[in-house]
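Next come the structures, one after another.
Presented sequentially are two complexes of chain A, the first with chain B as partner and the second with chain C.
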Partner chain A sequence: MTKKLREALVTSPSFIWLTLFFAIPSLIVLAFTFHGHTANGGVGEWSLSTWRELVDPDYPVIVWKTIRISAEVTAWCILLALPCAYAIARMKTKWRAIVAGAIMLPFWTNFVVRVFAWKTMLHPDGWLQHCYFAFLQFRAWCFEWLPPSVRGFCVWSGLASPTPPDPASSTILDSETAVVLVSVYTLLPFAIMPLYTAAEKFDFSLMEAARDLGAKSFYAFRKVFIPGIRQGLVSAFLMVFIPAIGSYVIPQMLGGTNCVLIGNKIFMRAIQNRNIPHASALATLMAVSVFLPLGCALWWRRHQAARDKREVEVRAARLMLGGTK
Partner chain B sequence: MRRSFFSMTMLGLVMAFLYVPVILIFAYGFVPNGVSMSFFGHDGRFLGFSGKWFGLIFSGHYSVRPLLQSFWLSLRIAGLATLVSCVLGTTAALALHKWKSRLQSIHYGLVYTPLIMPDILIGISLLMLFVASGIECGFWTILIAHVTFCVSYVTMTLLARLQDFDDRIIEAAYDLGAGPWYTFFRIELPLLLPGIVAGGLLAFTLSIDDVVITSFVNGAGTNTFPTYVSSMTKHSRNLPAVFVLSTLMLLFTCALVGVSKFLTSNHEPRRKA
Partner chain C sequence: MSGFLEFQGVTKRFGHVLAVNDVSFSVKKGEFFSLLGPSGCGKTTLLRLIAGFEQPDEGRILLDGQDITRLPANKRSVNTVFQNYALFPHLSVYDNIAFGLRVARRPKDEIEREVAAMLRLVQMEDKADRFPNQISGGQKQRVAIARALVNKPRVLLLDEPLAALDLKLRQRMLLELDLIHDEVGITFLYVTHDQGEAMSLSDRIAVMHSGVCEQIASPAEVYEAPKTSFVASFIGDTNFFDGVVTSFPENNYCKLDINGFAEVVCYNDKQKAIGDRVNLSLRPEKFRVSVDPPPRQNPHMNVLRARVEDIIYSGNHTNYWVSVGARRVAVYQQHLGYLLDEKPIRWGDDVWLYWDADTGYMLDDYAPIDESLLPPKAPGGAASANPFTSGREDGAAK
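Presenting the complex of A and B:
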């Protein structure tokens, strides 16, 4: 058996499977975006009408909302995960494995069942509802103090609601807050794990050095620890942001009609409205908003590696020059 | 070693946040009233714990029969998907590890991209494939979909294991006159088995957990456990039964992982020797 033939033989099972059931279907989706749709739920002639219809005021709002909510979820996850990763990395080796395992353990319960448990907890009679309403009132009170132009921007971007909270209509179930809360809950381990692996490799004597030189704890954390684990930060960002963009179940079960994201719209168009070209176009948009940050992160990583290499070379050159002097 | 009080407190709070729903799932498996989902009566009196949901599940009562059927379907699909994706994943990892050609870089792209693709995109593209080729959705389409996303995870797990695999062992086998088939089945495969088991466990949990992709390709009337649960409403009477089932599953998974940890930790000294 020649080498080439053996390689082809070992490669072919997975290669053929993934081509058939991953690559070709993705291309079909892309092809469908260049078709119109017919009234009876079929796919029409080749045309650009689908892309033109995407300007429909509905879609840009949904895309923006998805990106905003994903950004919120990512920010919360990283904020909560940073001190956790720091705390775990400072533990003794035996404890680290136990705590890391304990963080993953809840995620062996079925995902849908966990979301259902949240649904039960967020019930309008529950105590979380009271906390939520108090939070809304507090937030409205905070926004009172802002200058009108900033307040206007917050209302426009969806960060604040223009009217004061009303006890009858502001339930936490079927609200954006519920979606953000439960998304943070499900994605938090994916932020903790990469940050923790980066923190584990971090040399904590650097922080002690910073403290010896007079830095306060938080200053050392911000100026030494955070830059030291930036690779982990980028991984954590990707691990949370990408699934958040693609989330479908959580807004479906907890967001009601107030929180329809791209994922829900794709499902609606594909299954309920039988408008396959529109579903395909939205799916393409989603893929773009996933691959864009990923591409940026990969470029940044390569750029960083190149810079580090250059720095080493410059230093080496300096050393050599110093040596010849 | 210096510990920061703030970060330890945050870790404690985050752990509480992660565990509250799990404890709730466990507790609501014992709820006496399945409609109000409350441990208290209308007059605020504590009603105590009830084991009736466990009874319903173990006796296979007709009211939980659709639930049990969906659960059984999930188990069958997860088992088959694990089996197929382990075979495909092993060959893929071996090919990616052994050869560094142009073909393999395309192959790597094919294996890697499903990992970053959101589930919903995999789901819709498969649905369109099945619609375009006129395949009726049901058991087989769910299985195909699950294998497709599991292969990548199995391959990546194995590829990580293969990095500290000593390739000289294979060369030694060839030098001693073993053929490629004998080398693969008697030397490579047994050495890779812990990695394959780890990948298979991952595939099984992913398959049994998946709801998004399945809800695109399941067709009418075929429900796995997750899609059945997600189609339930708040007021379906069987919610505590669902909680009981997932508590049992969690215990089962813990036991399985504990056993596999025990087995692999027993293997390690022998491998080093």
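Presenting the complex of A and C:
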């Protein structure tokens, strides 16, 4: 009994914190969506008018774009962070601290200042612009070779544009690419750190064991290292994907009108239109759009795992029968 | 010199540390070969050189006539049983064992058959679906062996595989390893610092010391005829005597004057001449002590008077520390008869110490003897004022 009491005492601060600053505000936001709004920016009477207003063909597009860009940013971050974390974990202890410190160094400069610096670097006369245009031309050239069905999918999903690049309008500033680039730059340390922590705990003699059993380096990396740092991968995904979904400053400053994400829309509705219930509804819509597929995926995995376990049991049973004959 | 696995002048440095120094030897096909030595002697480095985790700075390694010195680890037909097992924690026992076969893209039914056979060999059929953190140390050990053996390596490398197990389990696994070796007939290269393991399993042992192979021979030869003082002291316990040849009482025998001890006869197989300095190793169990004079004497028998300084009774045998002159000698004596019928030997007794000259062995090298390698000193000390009270209390009081 006393032990339970002590446990409750220890967990209570975080519990109270989460209740006060996460659970209750979330519920308030949810409650706001079932209110109308008043002309002076207040929250009106209970009504479903806000949800009715939400039927705007723009919103699904923006939600999908936000998810797609966040996924792109997450994929790039993890792709870049993996070899980085692996390399740091293999360094001498003395070097590890120095490199880990260096990765954290940008945080000493204000975030907005850093994004502003990017604005300068992405200027239409800068070399990044030249690289970008060359990349666009290359992509258009590759696009020619794709079968029509794949081409159609690329256009539909927004991965590629159907027309060849135009030098006048193809600026990297105010483009989706700029948003992805700077988001990756900003969020990369949040991917490296959990991966590095996991990689540091990883037993590298397992890699030797894999090599010993005939695996090539990349096979060992894929089949032994990646599963070995799974926890780190999950944290890295969450640490990057969730901030990317809520991203507001970067698309605002670097995305122009070409990259309006859900964060910018919420800001617009809440501050410019002074429609708090509408902004709340957008936030709720975004949260549901992310967590519903994620929840489904988790359920599916658990279902798969249970099925795999049954299969293994059957195999073991067969083995035992074979052993006794 | 041609063997199945062959080392030719292999040298490996780590920075300025010479881990393996010009080692050459060959292992026969199907042999159980041990690398034995204290930690840091280079035995594990040698194993890693064969596995391909390290590259030698000089020399060549041949496997079945093929030079594998520069071959990457994943292309070598050798497999390793790691000291900490290195089982993949995210894979079940079954999948751990199947790993190598899956890498090699073997057909599914073949994988199933081979893994099943391995599970049977190591008696782990009922644990196939367990994960490494759900099985005991001995079971992990077996999985590690099965995971290596399933690939049908030409040489199985075992890196101190029993070091992490407790004594009883170690003894059982020792027996099982021996059975597995007999059953699969693969060449085993076994690295250990435990002479007991090496002695009981191996066909031949290479005793290593600071990067050098001191002696390669059968367990009995390593024990009975050690080449160097290191081998003599590392394998089992021994008494070293530092003497000078004075005369030849008989063909093949010489008399040694051992300073502070006595003049003793010993077998002269090293063609020593008068005046040569000799390092003699005498195993404690080659001596006999008795209260009565020895039954019969031959010219090769050394018989001395000694005083018992300490006795440690250990059931099947008793350890005595006796002093002759200024020397203390360790004697391990089996109880051949019913102990209670024998004339008892007590602390401080004057006894007869005798041994056959043939049982001593002259060492090749003449190195100053490392005190730490000698048999443990009994409490009390040689300089005990009164031998009759030289006991534990006395030693503690000092």
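By our rule, the second predicted complex is superposed on the first by the 249 of 325 C-alpha atoms of A that agree within 3 Å, B and C clash if a C-alpha of one lies under 4 Å from a C-alpha of the other, contacts with A are read in each partner's own complex, and residues count from 1 in each chain.
Methods note: contacts are C-beta pairs under 8 Å (C-beta built on N, C-alpha and C of every residue); 3 or more make two chains touch, one makes a residue touch a chain.
Every value quoted in this text rests on a predicted model; they were computed, and no experiment measured them.
Trainee: Please work out whether A:Cys296 is in contact with chain B alone, chain C alone, both, or neither, and reply first, second, both or neither.
Mentor: neither
Trainee: If you stack the two complexes on chain A, which partner ends up touching A:Met121: first (chain B), second (chain C), both, or neither?
Mentor: First partner only.
Trainee: Touching A:Phe22 in the superposition: chain B (first), chain C (second), both, neither?
Mentor: first
Trainee: Going by the contact rule set out at the top, does A:Arg230 touch chain B (first), chain C (second), both, or neither?
Mentor: In the superposition, A:Arg230 contacts chain C only.
Trainee: Quick one: name whichever of chain B and chain C touches more residues of chain A.
Mentor: Comparing touch counts on chain A for chain B and chain C gives B.
Trainee: Pick one for A:Ala97: touches chain B only (first), chain C only (second), both, or neither.
Mentor: Neither partner.
Trainee: With the two complexes superposed on chain A, say which partner A:Lys216 touches: chain B (first), chain C (second), both, or neither.
Mentor: After superposing on A, A:Lys216 lies in contact with chain C but is clear of chain B.
Trainee: Output the chain A positions appearing in both contact lists, the one against chain B and the one against chain C.
Mentor: 208
Trainee: Which residues of chain A touch chain B in the complex?
Mentor: 1, 6-8, 10-11, 13-15, 17-19, 21-26, 28-29, 32, 80-81, 83-84, 86-88, 90, 92, 99, 102-103, 105-106, 108-121, 123, 185, 188-189, 192, 208, 217, 242-243, 245-249, 252-253, 263, 266-267, 270-271, 276, 279-280, 283, 286-287, 290-291, 294
Trainee: Please name which positions on chain B make contact with chain A in the complex.
Mentor: 1-4, 6-8, 10-11, 14-15, 17-22, 24-25, 28, 37, 87-89, 91-92, 94-95, 98-99, 101, 103-104, 107, 110-111, 113-114, 116-122, 124-129, 131-132, 144-145, 147-148, 151-152, 155, 180, 205, 208-209, 211-212, 215-216, 225-226, 229-230, 232, 234, 239, 242-243, 246-247, 249-250, 253-254, 257
Trainee: Can you tell me which positions in chain C touch chain A when the two form their complex?
Mentor: 51-53, 72-75, 78-80, 82, 84, 86-90, 92, 94, 99-100, 103-104, 112, 116, 119-120, 125-126, 128-129, 147-148, 151
Trainee: Show which residues of chain A lie in contact with chain C when the two form their complex.
Mentor: Its residues touching chain C are 203, 205-206, 208-216, 219, 224, 227-228, 230, 309, 312-313, 315-316, 319-320, 322-323.
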